[in-house]
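By written order: A, B, C and D. Residues from 1 in each chain.
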Amino acid sequence: MDEKVLIAKRVALEMKSGSLVNLGIGLPTTVANYLAPGLEVYFQSENGIIGMAPAPEMGMVDPNLTDAGGGFVGAIPGAASIDSALSFGLIRGGHLDVTVLGGLEVDELGHLANWTVPGKMIPGMGGAMDLVSGAKKVIVAMQHAAKGKSKILKRCTLPLTSVRRVDLIVTELAVLEPTDAGLVLKEIAPGVTVEQVIAATEATLIIPDNVAVMPVSDAVATAAAV
Amino acid sequence: MDEKVLIAKRVALEMKSGSLVNLGIGLPTTVANYLAPGLEVYFQSENGIIGMAPAPEMGMVDPNLTDAGGGFVGAIPGAASIDSALSFGLIRGGHLDVTVLGGLEVDELGHLANWTVPGKMIPGMGGAMDLVSGAKKVIVAMQHAAKGKSKILKRCTLPLTSVRRVDLIVTELAVLEPTDAGLVLKEIAPGVTVEQVIAATEATLIIPDNVAVMPVSDAVATAAAV
Amino acid sequence: MNKATNCTKAIEMIPDGATLMIGGFLGVGSPHRAIDELVRQGKKNLTIIANDTGRPALGIGKLIVAKQVKKVIASHIGTNPETQKQMIAGELEVILTPQGTLAEQIRSGGFGLGGVLTATGIGTTVADGKQVVEINGKPYLVELPLRADFAILAAHRSDYRGNLEYALTARNFNEVMALAADHVIVEPDHIVPVGVIPPDAVVTPFCCVDYIIERSN
Amino acid sequence: MNKATNCTKAIEMIPDGATLMIGGFLGVGSPHRAIDELVRQGKKNLTIIANDTGRPALGIGKLIVAKQVKKVIASHIGTNPETQKQMIAGELEVILTPQGTLAEQIRSGGFGLGGVLTATGIGTTVADGKQVVEINGKPYLVELPLRADFAILAAHRSDYRGNLEYALTARNFNEVMALAADHVIVEPDHIVPVGVIPPDAVVTPFCCVDYIIERSN
């Protein structure tokens, strides 16, 4: 299974019926493709819609209905238009149940850095600082390493997105949970060993006696694709 | 002419076309009856309507369209419903051109007290503190004295509504303008002398060389009633 | 997801001692059936956050008359002599707040803000005990967020998922309160199928609403 | 009162060096004809407050490419490499602000608040130089109001008096910006007679709007 598909499938298992969810651009967006059948999850796009749906076929889009990346999207029956202030009021006020974001770095404190690489990449934080500071549950979905270097560090070296501790980190190797005591290894990917995760991680991990294997299989993907 | 009618007529002369105006309950509300013909003034009611109109005839009201006193009102074509936050955003953000309020006391600093008489009357300030603090122009419309005592004092004795200096005070005897130097006597009512105003006022007044007579006549009332 | 429930059940969720936000302005836009049910069920020691306390026989006033309220945060109580009487007798705590400040405090609670800075109230008794912050040489009061255990709101139309539309001046405080409570109960005039209210007509999005009171009880 | 005017005249009112709020999110809900006219008239040294700087050939991006902007306050510039290039070259000042904070700052400017207290940005570079207030033991940044000389907005429908409706995600920052500028210019898709937009459908009330750009120039 593709690493990114694995990550998206595992994140999809965190979704609960009735939840309001914001998916970041890129890998997080693909989580929507792997939701369990029958799960009633509502998507918010911070540019102004609650109840976002996949884009309809070309020729049936509206240029005034887009996602936060500027791409055409659809709306479920019973969607709601909101302005930027209300959109972030929902995010900051704890009305958003889950946000899934990509990451450049995460550390032992559960701090996320994902908005800038000073001197190289200065896109701006957009809604990321609000999402991480305000959502009820923050899930970081990212690859474990970049260019051979661990992205899970003792301390972030890049400017932080927020000092709010994220709730879960999902990579192609492991599921990690930041706690008061540090980063706990909750799950390993199918076919991966605890030792491999430790070796691929700069941060010190807390290893419980039993580490589960991610309950993700190709079968899930098939079911969701029906 | 009735004293209250005189006050309302004089206040009506302050209205300019295109203005957004909030009239307090009681005497201020009657100002709407004396606007010059053709003047396009828009009324806000802070409970949630811009473009308030007089109540339609009974049998044609909507219980969901009321003024801040709870009375049935109408709406002009092109009126707008607003919630309480936006209503006061317009008031506090300087979008309201004029507010006309009654007063219990006004003083040489232009401070208004109109919301409570401790131990006797504690209705609450409602929107008064916001209106006085936020409107572009604040006009106090009130009788000059109550129970034989001047309501225009050196210093207010009752709890203040705001420390924002009001812009104009209109009574049945005079028009007063609070300035950096103090309360200036701008106009006297028809048939009233400067000496009578001074005698009826506890506050020290600044008396210019020429004090105009209020340009109010019964003719105005007739014209407005057409 | 169908959020409709009956009035009795919705109000049964509310414990004695709860803090309630109740929409309405002198009863216009108040959830009248829910208030009657609060009276019928005899909830006690309530804290009410609302624009006003209605009139003795109207809206929130009924809860005051029935002595179910221990504390009120409101901008105006002048239309309900019973509120003033209980306040003066020391039976009811009343915090009077400028109407615009009250709206911003409720919004702050719902929008996750630590509060807002406002010029309203500076130099008055409203400022007593409050933090003052100077911005560009001008003083502002720090007004803190308000939240409630339950918000009980009125709306004109709701769909079964909880998207809300309001009617004219019945909107008032309902819109901001919809975000500022742990549980939000709405009493709409009509409940319509999901999809009937177009996205641009929705004032309060469905994610804010937990329970919708059905017409029949 | 008919507030309609043509695009050329509306933009001619704007002096060089003005601070402009411009609605839109990656060009969706931006006033495209007005932006083109700003380019055509060659306004200089503008300060732009907006969510983003569009793309090089889209929306606000055109003003950046034409080097008409000296300062930008935005939440995101990643879709316009020209903005980053001018910023790194020191030709353009860019203040990056969290999107929700930007919305609240603009709202504060329009609503007459001294600012808001927000947790977003605490412990990050966004907090640099900002006042921190502690509320119930938790730190909040004091975020100050933003205002502009002109707001240039897009709307779906306007009536001739200036009541506005927006379409779907084209609403974004237009709604809050409508209160936060000394002069408000709106470019609607359609202008309809007064009375056609019902009171409950109005999102921005007419008192916020000064000029409405007609379709034909």
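One rule holds in what follows: a contact is a pair of C-beta atoms (placed from the backbone, for glycine too) under 8 Å apart; a residue touches a chain by one contact, two chains touch by 3 or more.
What you see is a predicted model; the values in this text were computed from it and never measured.
For chain B, the chain whose average C-alpha position is most distant is A. In whole angstrom, the spacing between the mean C-alpha positions of chain A and chain C is 35. With centres taken as mean Cα positions, chain D sits 32 Å from chain C. Centroid to centroid, with C-alpha atoms defining each point, chain B and chain C lie 30 Å apart. Within chain C, residues 104, 107, 111-113, 118-119, 156, 166-168, 171, 199-200 each touch two or more of the remaining chains. Those residues of chain B in touch with two or more other chains are numbered 49, 75, 81-82, 85, 88-89, 91-92, 134. Of all possible chain pairs, the ones that touch are A-C, A-D, B-C, B-D, C-D. Considering their complex, residues 1, 107, 109-113, 159, 161, 163, 179-180, 194-195, 197, 199-200, 202, 205-208 of chain D touch chain B.
Within the complex, the chain B residues that touch chain C are 45-49, 62-66, 68-70, 75, 81-85, 87-89, 91-92, 122-130, 133-134, 159-164. Of all residues in chain C, only 104, 108, 111-119, 131, 133, 135, 138, 140, 142, 144, 156, 165-168, 171, 199-201 touch chain D in the complex they form. Of all the residues in chain A, the ones that touch chain C in their complex are 17-18, 20, 40, 42, 44, 49-51, 75, 77-82, 85-86, 88-95, 134. Residue ranges of chain D in contact with chain A, taken from their complex: 25-29, 51-52, 74-79, 84, 87-88, 94, 96, 98-104, 107, 118-126, 156, 166-176, 203.
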